[in-house]
Structure formats: C-alpha cells, structure tokens
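Paired with subunit B in one complex and with subunit C in the other, subunit A is shared by the two complexes that follow.
Up next, the complex of A and B:
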C-alpha cells in the first residue's frame, strides 16, 4: 500500500494580496498548478490584508485544481479570516488553527 | 516669507487626501485611513473592515469608473467623531449603476469576482451613494 503524497504547500509571500498584487501573485501560482494538485496547504501567515481581487485569485486556484481539489488554510490573521467568513468562502477553503489540523484534514 | 507657488489653489482640507485613480494610489488611501484610525483609537477589526470597504470602493472607481476616460482622481475625506467613522469617496468618473450598491447578494461560491458590494455592505453600517452634476459621492459609515 502506498502512502498518499503530501499536499502541496504554498506560502503567500505578499503582505497585501490586493488588486495591485493579484497579477504577479497569479503568475507565481501558474507553474505550481500545472500538474493539477488535488490538495494544497495554503499558508497565509505573511498576509495582513486581502481584498476581493486577491480572494478571486485564490478561488481561481481552487477551480484549476479540478472538482476534487481541497485547500486548507493556515496562518489567517483575524481580518483575513473575517473576509473568508463574510464572503462564505470558508465553506470552500478550510480555515485551520494549526498546520497539524490542516494536514489531518488533507490526509 | 514668500508665498508658495501653489497658494492660488484651494488648500486640501485637513483629513482629506486626493490621489490619482490608480491601484497604487488605492494603497495610499488605505494607509491614510490606517493612520487616521490609529490616531483615533479605532480597534483593529473595525479598522480592517473599514479598510476593506474603502479598498473595494476605490478599486471599483479605478477599474470601472474611469475606463475609457482620461486618468482622473479620487478624493477621500475622513471624519471620526465619538468612535464613528465616516469615509467620503468622491470621483468624477462614470457613475456606478444604480443596482450596484442595492445588490448585496454574494455570487455563487466559485465565482472569481462580484463580491465587492456585498463586502462593502458587510463591513460598514451605512452606505450612501449619489451621483450629481458629474460628481460621484460614496459615504461609508461605521461604528460609534
């Protein structure tokens, strides 16, 4: 029996994932999504602010993973978490309190 | 003391910032808001929500209001009284369609855009918009 591969970990390095940062961020994501990973551990620790354009890039990432794609988010600051909840995208992105929790969800 | 070359212009009122309508300047508006709220002791979550509402509204002006026109400007006025924050955004671009601020519904989950108005409403207590004589004015109010 083969153990499942680890999820792909992506750390968003932009402190502001806003409309200005969206295009360069999308460009850094593109090569990571070529192989259509089915699970991503998304680390938002460096991110202090996201707007709806930045959020749209994350939704686009999820769509490119295909119907079985799952994303667990770690390191979401309170405001960033609030945005996911306000837009109800916390139903598509699992917001986790720790990396262990995220890895368990993605196992 | 010699007068400034700009003395013939009306001074910008305190608390008001005028910037070019571009995405880099939206960041300047956000920084201006953070400084004003920090001085007034507005709490972190309220500030985040105000910043989010402001950025969504300003992005909208940059990306839709001035499309097809010469570059314009955005004016932000901030008034804070007893913890209640009023943000007034003024521009002279194309007005927002009447339905925009009335529709607060979120798009379906996998949509990559269309959440701006819902976010603005969700992050503030009052949203007032008018377009008159070529000037658009959006007032966002929160707290207090």
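Up next, the complex of A and C:
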C-alpha cells in the first residue's frame, strides 16, 4: 500500500478576492486544476474580503476537482467565514482552525 | 519618359511677391517659378493685402520698406486676417540685419528673413522650408480632422449607450413593486444600485386570498451583465408564481437547474417568501441570501431558517422552505448584503445588529417612515465613504384592517 499523497495547497495571495482579483486568481488556478486534484488545502490567511465574484471562482474551483473532491480552508477571517456560512458553502469547504486540523481532515 | 513633375498642383506653392520695385518683383517671380512656385506680384502693401483677402496663398515674400503700408504693417494685418485660415509662410526681405527691428518683425508674424540682394540659393532654401512647413501643417490639419471626427463618433456612441442604459434603468425600476398596499399588506422599499443598472431586483406578486409572493434577488457581480440576469430571474420567478410552500421549493429548484445548466460562474442569492396574511403565516427560502428580519408585535428576530445554497452552484441543491408566524402588526424586512456590509467612515460594517435596531425602532413609525429612517441612518453611517454595492431593502407589513368599523 502507498501512503496518500499530501493535498494540493493553494494560497490566495490577494487581500481582497473581488471582481478585480478574480481574473488573475483564476489564471493561477487553471494549471493547478488540470490534473483534477481530489484534495485541496485552501489557505485564505491573506484574504480579508471576498465578494460574490470571488466566491464564484472558489465554487468553480470545487467543481473542477476530481470526483468526491474535498477542500479544507484555513485562515478564514470572520467576514469570510460568515460568507461561507451564509451561502452554506461551509458544508463543502471545511473551515478549519489550523493547518494540522485541515491536513487531518484531508488525510 | 518625363520624370514626375515637382510642380504638381498639390506640391506647387502659391506665392505672393510684394515689392514697390517692379523690376525686383519680376526677378523674384522668375526665380520662384524656377523653384516650382506659382507666383503673383503686388506693387505695394495695399495691393498685397487686397490679393491676400481675395485668394489663397501659401507664402508671401515682401519687402520691408514700401510707401504707404510697409512690410511690417502688411504682416500684422495679414496675420490678423488669416488667424483661423490655413498655413501662410511669410518671408521678409531686409537691407541689413537690425536685430531689434527683426525681433519686432518676428513678433508681428514673420517666419524668415532674406537679405537683399537676394541670393538664389537662400531663396531656394526659404521655399523648401515653406514647402515642408505647409506639408506638416496639412498633415496636422488632416490628423486634427480625423481626431475631431473620431471624437464626434465616440460622443455619438456614448450618447447611444447612455440612452440605452437609461431605458434599461427605467425598465428595471418598473419591475419593482409599487410602495403602498397590496391586499392586506403594506410595503415600502429602498432601491439604490451603485451604477446605472444593478444586479439586485425586488418583486412582490399578489396571490389568491390576499397572499403575496415576495422576493429579493442579488445576482453575482454588478452593472449590465448582472442586471440582465436579474431581469431574467425576476421574470422567471414571477412567471412560475408559486402559491404553496411546495411550489416555492419547486420554483427555486427549477431556477437553480436553469442557471446551473449555463455552465458558467453565474449565480444569484435569493430570499423568497410566501406571505399568507389570512393564515398569519409566511414561508421562507433563503438561498445564500442574508437572513430576513421579522418584527412581530412581541419581539424582533432574525429568520435563520430555510437556508440553502445560492441558485446556480450545484444542480441537486434542495430548497426547503421554513414556516414562520406572521401575525397582524408584523413587519418582515428583506435586504441585500449591500445594506449590512455598508462600511462606515472608520471601516466598520453597518451589520445585522444595527439593521435590527432600526427595524425595531421603526415600529413606532408608519412603514414608509420606518424605511426612510433606515435609509437615513445608512446614509449617516456611510458618510462621505459612500457605498460600493447595490442597496436594496423591502419591508412588508401584515397591516391591521383599516376603515370604518
């Protein structure tokens, strides 16, 4: 048996993931999603704000993962966390308090 | 075969020679014709000015000392008269190099000087300079004309776009419910898109037995694309016009499937309610939308039930409505996140708590006055920072029966 590979880690560098930042972020994602990863550790630590367009990019990232793809999020600011809860996206993106917790969930 | 003539009409300079010495004028004319110019002569300043007024010339070669109107005066008057016309190159003949007099001549509008007796080579250089300047002037003039016409076309296009936007804006406004009474329900609203067109829309459609289908849709993004989508979803939901909780669930499921089918990143958050005053109840689905505020006679609360994902994300999303009491005297407030996420001058958000406080405080006021108070509070809160998201809010009241008892 082989040990499962570690999840793909994606860090969103933009402090505001909004309509302006969505296009460059999408371009960063494209090559990473070619192989349809099944697990992603999404680091939102630098992000203070996500608008509707930014959220749309994250949803489309989830759709482009392999079947049964799982995402764990670390570093979600309170406003970002609220947005995930409001849209029920927290049922698909597991919001974690630490990277260890995220890695354990994705293991 | 003859070489191309340098005297083509377009390149041939039209020159006026002004000199009271007729012989000198004739000699100059012959020389200038030799350089490919078309030449006329005038015997003094007065005749020179008269010809300049009658015909177009590219160049004037004038003597300085002349009886009556001298060279300087001729230049001044010619420049004053031709300020808005095409290019005119003025060459002045001088007997000696008097620096002060030459400076005055330049100020009057002389382009170049040539000493007497005139050397052919210097005259040829002066003609070439005039020819080049005229060419540059014509190019510049053509470029200016092209720019002016491009500018005009852009202005016209902009006017069309503005007119289209205004028409669309007016259509979008007409979709909104009329403030006032619908059956036994009263309603009042705020609708302030950031741009000419917004991605928010509000609908209120009457149902049988005094019921109302109430919804607030917030389409992803802003501007024209979001507005077009909001038009579509508004019409679609109105067309489906669910009357029961089951139909409400089906309608949202159908909208979700339709938006998902497009396969792009578009989506919308929707708060949709069935209000049934006869039963003093309401049913709510909150598809990714901020939770409505309900002010009942006994308490004000946030309706956190009926939550689902926005429409357009995942095709299998279930949309289950939740029931809530809506007794007479209750007010329900639906709003877009633009309201609660409005930021104040210190960068803090308006927030749900302030909105609840506003709704609660508004209970002492009429419904329109309470909505106006919330709008005023929002404006005060945002101050000069303004707002960068569409602002939409609708308040609806299960009004006590009015009229004679």
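Note that in this section the second predicted complex is superposed on the first by the 107 of 107 C-alpha atoms of A that agree within 3 Å, B and C clash if a C-alpha of one lies under 4 Å from a C-alpha of the other, contacts with A are read in each partner's own complex, and residues count from 1 in each chain.
Convention: a residue touches a chain if its C-beta (ideal position, glycine included) is under 8 Å from a C-beta of that chain, and two chains touch if they have at least 3 such contacts.
Quick caveat: nothing in here was measured; it's all calculated off a predicted structure.
Because the two structures share subunit A, they can be overlaid on it, and in that overlay subunit B clashes with subunit C. For subunit A, the partner touching the most residues, choosing from subunit B and subunit C, is B.
Contacts of A:60 after superposition on the shared chain: both subunit B and subunit C are touched. Contact with subunit B, but none with subunit C, is seen for A:78 once the two complexes are overlaid on the shared chain. Judged by the touch definition given at the top, the superposed model places A:87 against both subunit B and subunit C. Once chain A of one complex is fitted onto chain A of the other, the partner contacts of A:15 are absent, as it touches neither subunit B nor subunit C.
Superposed model on chain A: among 166-174, 238-246 or 292-300, the stretch of subunit C in collision with subunit B is 166-174, the rest showing no clash. Of the residues of subunit A, those at positions 19, 52-53, 55-57, 59-60, 79, 86-89 touch subunit B in one of the two structures and subunit C in the other. Every residue of subunit A that touches subunit B in the complex is listed here, in rising order: 16, 18-20, 49, 51-53, 55-57, 59-60, 62-63, 78-79, 82-83, 86-89, 91-92.
Subunit B contributes residues 23-24, 26-27, 30, 44-45, 48-49, 51-52, 55-56, 59, 62-63, 106, 109-113, 115-116, 118-119, 122-123 to its touches with subunit A in the complex. Listed in rising order, the residues of subunit C touching subunit A in the complex are 218, 220-222, 265-267, 269, 288-291, 307-310, 313, 349. Of all residues in subunit A, those touching subunit C in their complex are 19, 52-53, 55-57, 59-60, 79, 86-89.
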